[in-house]
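Next come two complexes, and both contain subunit A; in the first it sits with subunit B, in the second with subunit C.
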Partner chain A sequence: MIEVLLTPPLNMVQDLGRTGFRCHGIARTGAMDRLALAAGNALLGNPPDAAGIEFQLFPVRLRFTRDTAIALTGADTMPRLDGRLMPPWWAVSVRAGQELVLSAPRRGMRGYLTVASGIDVPLVFGSRTTHLRAGFGGLDGRALAEGDRLPLGDAPAFTPRDPAGLGARPPGDVLPGGEAPDAGPGDVVLRVIPAAEYDQFDAASQALLWSQGWAVTSQSNRMGYRLQGAVPLRRTELVEMRSHGIVPGVIQVPPSGQSIIQLEDGNSAGGYPKIGAVIEADLWRIAQAAPGATLRFAPCDAAAARAAERAAAAYLGELRHLAGLGRRELGSAA
Partner chain B sequence: MRDLTGSLAGLLALMRATGVTELELAEGDTALRLSLPSRPLAGAVPEATPRAAPAVETVHAVAFGILLLRHPAETRDPPAAGDTVARGDILAYLAVGPLLQPVVAPCNGAIEAVRGRDGEIAGFGAPLFDILPLAADTKE
Partner chain C sequence: MNSGVMELAAPRVTPCGSAALLLDAEGPLALATQQRIWSLSDAVRGWDGVVDLQPGMNSLLVVINPLTADAEAMAARLLAAWSRAEPRHGTGRLLEVGVVYGGEGGGDLPAVAAHHGVEIDTIVAMHAAGEYVVFAPSVMPGFGYLFGLDPRLFTPRRPVPVMREAGGIVSIGGAQANLGGPRRSDRPTASPTGWHVIGRAPEVPEPFDLGRDPPNLLELGDRIRFRVERVIR
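Coming up: the complex of A and B.
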């Protein structure tokens, strides 16, 4: 078990999401930074879809009731295991009774805890992810609260070879991202494919999409990010649109001319015109952009988007393989 | 594979001589794995510090990799001479592809010198840090 000793609201059990039910209005949900969750599972040798915990608010204090192994990935939450500071993107063995404290990250926004064999809440529609708005999945369909006890999967049969643990190079350090000429230091560059209604926007707005910075406003959460640009975007013709299916990453432009990125907990359908879509391989970068951050959009095409997904898959595959060499089976002498 | 089993001793000697601690040979559905203690062996690492300064404990690379004195994700300061360290503290990282392995302080003390250079490839057994142990923590 993991006992929750202290947590603010909005921290939830998440896996890679619930796919195949969008036609019934059930969004994918799942971890906002899917790459961070997957890297934690790779470090521990877990199945890729093992459930972990996504932390959005801090401080958090947890206690482990039995020996296991954990990984902390995503934003650097300055994790302290019984007071000892762990590096970010790191996996260690823990002993029954040890306490883990996570603090608000100075950079990035969401931290992930993965556990050997995963968090063993029941599967609902094929996933353990929490669907907060619909109230199912995860732990009773809700965010974690003090006093919760999270069941763990089978006990791990391994420990990192080095007692100090082992870690992953963060994807931001090794995976190439998009480039925007006007991006300032700290700006988050997202690769975007123009979407169906791109051509309805006037030439100046099309240029502004790529050239101006988009501030993440405080009206941003797991459903979507509302952005603020210096100049609103305008369409040359106002075409009435019916609701249509949308996916995480879609950039909508409501009548205000300020864009919205739909995300994991977003609706499965919407009616605003779409000027673009952030590529799947860059969605994790949005997850780590806190309110106040500036986003930049860089034009991309389907081939480059697929190449970016392949690069992320190769990173995870290599990490899984090398981390396996860095673990020792319990009971073996090596 | 069957040809190799006769030369196991030779393989082990080669591993000791080159500082390799893990060797895995696979052929069809047969695999052979050899492991040695993951610690630089006496004689494998040339003693860089003269006997005159036995108090300093040198931290050697226990794996091959690119030395990272600062974690790529964090803003914490890299270790510097004069910093105090506790046994088990992670001083730096050795990167192999996307994997990071820790370089760990062997004792409580202070960093006397940072001998590895950030971003450079460190071979097995390369000296990375000199640690001046606290008097009470000196190994006999």
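Coming up: the complex of A and C.
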């Protein structure tokens, strides 16, 4: 078990999300930073879709009731295991009774805890992820609260060869991203494929989509990020849209002209015009962009998006391989 | 019909990022077209690289694996399959729900009446006269998007979403109607919406219950009628 000793609201059990049930209006609602969750699972040798915990608010204090191995990925939450600071993107063995404290990250937004064999809450529609708005999945369909006890999968059959643990290079240091000519230092560049209503915007607005910075407003969460640009975007055809299915990453432009990026807990369908959609391989960058950050959009096409997806898959594959070499099976002579 | 709503002369498939394609059907919103959307959704479900499907109003969202699927080839295949799609019929179930129009729960009713320049009672009568067909899954597990709104009740969505309390919401958004499930203690009490809430159904049944098999009360193609319980002016 993991005992939750202290947590603010909105920290939840998440995996890579629920697929195959959009016929009921059930969208993915998985981890915001899918790459961080998958990297944590790769460090531990877990299946990629093993459930972990997504932390959005801090401080957090947890206690482990049995020996296991854990990884901390995503934003650097300055994890302290019994007071001892762990490096970011790191996996270690823990002993029963040890306490883990996570603090608000100085950079980034969301931290992820993965555990050997995963968090063993029941599967609902094929996933352990929390569907907060519908009230199912995760731990009783809700965010974690003090006093909760999270069941763990089977005990790990390994320990890191190096007692100090083993780490991963954060994807931000390794994976190439998009490029925007006007991006300032610290701006988050997201690759975007133009979507169905791109052509309904006037030429000036199409140019502005790519050229101006988009500030992440305080009205930004797992449902979506409301952005603020200096100049609102205008459509030349003001026709009403019919409701249609949408996915995380879709950039909608309501009549206000300020864009909204729909994210994991967003509605499964929408009716605002879509000027574009952030490619899947860049969604984790949004997850780590805090209110106040500036987003930049860079045009992308299907081929470049697939190349980005392959790069992320190669990163995870290599991490899984190297982490496997860095673990010692328990009970083996080595 | 549906003045001011986008209408295509020919079907089209556009990318929705790197992990989804959207097929928009040609022509106006119509039962016959939507029945073909449902059957297309069934046909595509087994394709390699397809991970999820969601019918929309006159459209089908196809979620694909961005690593393995070839979006361009899939788009062409989807268009070809659409041209061959035959209608699929619903089960024909009918649900009737009583509605309290206006008042605190239906606070947007006066504004909708003012927008159309008619009396509140006229809006209520037109809304309750229709028989609505469940056309597509909605934003959340629920009753889905309904077809059958009197075209004269077309009301553009809000420029900016507003917060509205959950619980039996009866609303209009553009040319569409919607019915929300009951309020539950384990769900958020309010959600953002660009729709106009004109009433509440106090006795609305739970549309989606995991303890039920199947969990959904209505399927695509099933029907809903609204009964005027009371009008608060």
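In this section, the second predicted complex is superposed on the first by the 334 of 334 C-alpha atoms of A that agree within 3 Å, B and C clash if a C-alpha of one lies under 4 Å from a C-alpha of the other, contacts with A are read in each partner's own complex, and residues count from 1 in each chain.
Going forward, a residue touches a chain if its C-beta (ideal position, glycine included) is under 8 Å from a C-beta of that chain, and two chains touch if they have at least 3 such contacts.
Computed from a prediction, not measured in an experiment: that's the story for all the values here.
> Overlay done on subunit A, so just call it for subunit B and subunit C: clash or fit.
fit
> For A:Ala230, select first, second, both or neither according to whether it touches subunit B, subunit C, the two together, or no partner.
A:Ala230 contacts neither subunit B nor subunit C.
> Would you sort A:Ala203 into first (subunit B), second (subunit C), both or neither based on which partner it touches?
neither
> On the A-aligned overlay, A:Pro87 touches which partner chain: subunit B = first, subunit C = second, or both, or neither?
After superposing on A, A:Pro87 lies in contact with subunit B but is clear of subunit C.
> Does the superposition put A:Ile26 against subunit B (first), subunit C (second), both, or neither?
Touch status of A:Ile26: second partner only.
> Is it subunit B or subunit C that touches the larger share of residues in subunit A?
On the superposition, C touches more of the residues of subunit A.
> Applying the document's definition of touch, where does A:Met241 land relative to subunit B and subunit C: first, second, both, or neither?
The second partner, subunit C, only.
> Given the touch rule stated above, what does A:Ser256 touch, subunit B (first), subunit C (second), both, or neither?
After superposing on A, A:Ser256 lies in contact with subunit C but is clear of subunit B.
> In the overlaid three-chain picture, find the nearest pair of C-alpha atoms across subunit B and subunit C and give that distance in Å.
After superposing on chain A, subunit B and subunit C come no closer than 20 Å at C-alpha.
> Which subunit A residues lie in the overlap of the subunit B contact set and the subunit C contact set?
Touching subunit B and subunit C on subunit A: no residues.
> Help me check something: in the complex, which residues belonging to subunit A touch subunit C?
Going by the criterion above, the answer is residues 19-26, 124, 132-136, 140-142, 193-196, 223, 239-247, 249-250, 254-256, 267-272, 274, 277-281, 300, 302, 305-306, 308-310, 313.
> Once bound in the complex, which stretches of subunit B touch subunit A?
Residues in contact with subunit A: 22, 33, 35, 38, 62, 71-75, 88, 90, 93, 95-102, 104.
> Quick check on the complex: what are the subunit A residues that touch subunit B?
Residue list for subunit A touching subunit B: 76, 84, 87-90, 106-107, 161-170, 172-174, 315, 318-319, 322-323, 325-326, 334.
> Give the list of subunit C residues in touch with subunit A in this complex.
My answer: residues 4-6, 12, 14-20, 22, 24, 29, 41, 51-61, 63, 66-67, 71-72, 136-142, 144-145, 154, 156-161, 173-176, 184, 186-188, 191-192, 194, 208, 210, 215-216, 220.
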